[in-house]
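Order of writing sets the labels: A, B, C and D. Residues in every chain begin at 1.
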Amino acid sequence: MVTDAQQACFEAGIKFGSLYHQFAGTPVSPDSTRSLEAAMAEAIENQPFCESVDVAIDDELVRAAIDHENGYTELTGSLMTVEMRIAYEGVTARTRMDMEDGYPLMKLVSVDE
Amino acid sequence: MVTDAQQACFEAGIKFGSLYHQFAGTPVSPDSTRSLEAAMAEAIENQPFCESVDVAIDDELVRAAIDHENGYTELTGSLMTVEMRIAYEGVTARTRMDMEDGYPLMKLVSVDE
Amino acid sequence: MVTDAQQACFEAGIKFGSLYHQFAGTPVSPDSTRSLEAAMAEAIENQPFCESVDVAIDDELVRAAIDHENGYTELTGSLMTVEMRIAYEGVTARTRMDMEDGYPLMKLVSVDE
Amino acid sequence: MVTDAQQACFEAGIKFGSLYHQFAGTPVSPDSTRSLEAAMAEAIENQPFCESVDVAIDDELVRAAIDHENGYTELTGSLMTVEMRIAYEGVTARTRMDMEDGYPLMKLVSVDE
């Protein structure tokens, strides 16, 4: 019914949706980007079949998004790039989120059986 | 590199991770289960390639989970079943979350090309 | 140490922070605003001392925020107004969130003992 | 209408509700508690009038909450204690969350004008 490669892709998607909707909206400033990146990566790496997660929040974009006197903004997809590697029964799925046409797009980069 | 079926499975996973981590932790009681089910389904149906989402929160399980005087609990996977249908370039992926061995498991039920 | 009025204000703040950070980031379109408003209000009304919550998501602002081909955006404070009434030991606290200088501000409107 | 002390308490409540509902549901294991504590504290310290946040996630409780083969659980109030200090116009509000009668309770500990 479902192949190992398809299952690997499903698992990869779960991790991406989880990461995004768990952490979107988090108050963030250039002072707190490093700790948030680390927590996001380590939290999602707990999930099954998740081999590695790299989160890079762009300090300059965060700074530019702070448009009020309070000195912080809320995390959204447009402020970060994310890369993940999922391994399921010998299949490796690589995924990446970055901006495309002004919209943060979650992409399935490759599936290697 | 990536087949339409694999992409459909990736999209299906994104929806499941999104739904779970957006709404887990929401205060819920038997008085608010219907509105939460509706909002969860309609929110995720906004996402691309998502044809249908059905969320059923179990009132009896919610009642049983209320173990303090405040009369509510927080939404977790053990209180609901979810079914989704994702369509991507002619491929239909069906997914389901329910309890297995005491743990809410997100499952890829079928992939039809 | 802590007066009933102060406790009422603390409780009022908890509800506002809860509502905002539980639901910010939810996918929303003009087709799903009503169900999301209802779920947000009913969820937070479950919390102790919370007498009423009114959430109004602005369909026109949601439409204007949809800047990509997918037809939805993510809920943020700039798309809604929220009013709450908290009652604690005879004290009523009224709160409101709306836009001020381009930033969604949570305000303590009145405290009546 | 509203005193500085009441406003300080309202601000204190916002921070607590924000912290809880932003991070509840995050996948956590004994390997990721330290990074999550740091991210939670630094994220909420970005918010206005928030002088300090201390989050302590209990590794033993996390270990005990892992009841399935995947090796992680989801963050809830029962796994952590949180202390915050809010300062507003010369008023300092101290808050604390810990377990009381099996339920994580957010408490306003003191208000000093």
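Assume a residue touches a chain if its C-beta (ideal position, glycine included) is under 8 Å from a C-beta of that chain, and two chains touch if they have at least 3 such contacts.
The structure displayed is predicted, hence computed values, not measured ones.
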Minus subunit B, the contact groups are one piece
Most remote chain w.r.t. Subunit D, using mean C-alpha positions, is B
By C-beta contact count, A-D versus A-C, the higher one is A-D
Subunit A and subunit C have mean C-alpha positions lying a whole-number Å distance apart equal to 27
Chain-centre distance (mean CA atoms) for subunit A and subunit B, in whole Å, is 20
Between subunit A and subunit D, the Cα-mean centres are separated in Å by 24
Within subunit A, the set of residues that touch 2 or more other chains is 18, 20-22, 25, 70
Contact graph of the chains (line, ring, star, complete, other): complete
Subunit C residues touching subunit D in their complex are 1-3, 5-7, 9-22, 93, 95, 106, 108-111
Subunit B partner, complex, touching residues on subunit C are 18, 22-23, 25-29, 31-32, 35-36, 38-40, 42-48, 70-72
Subunit A partner, complex, touching residues on subunit C are 20-21, 24-25, 67-68, 70, 74, 76, 101-103
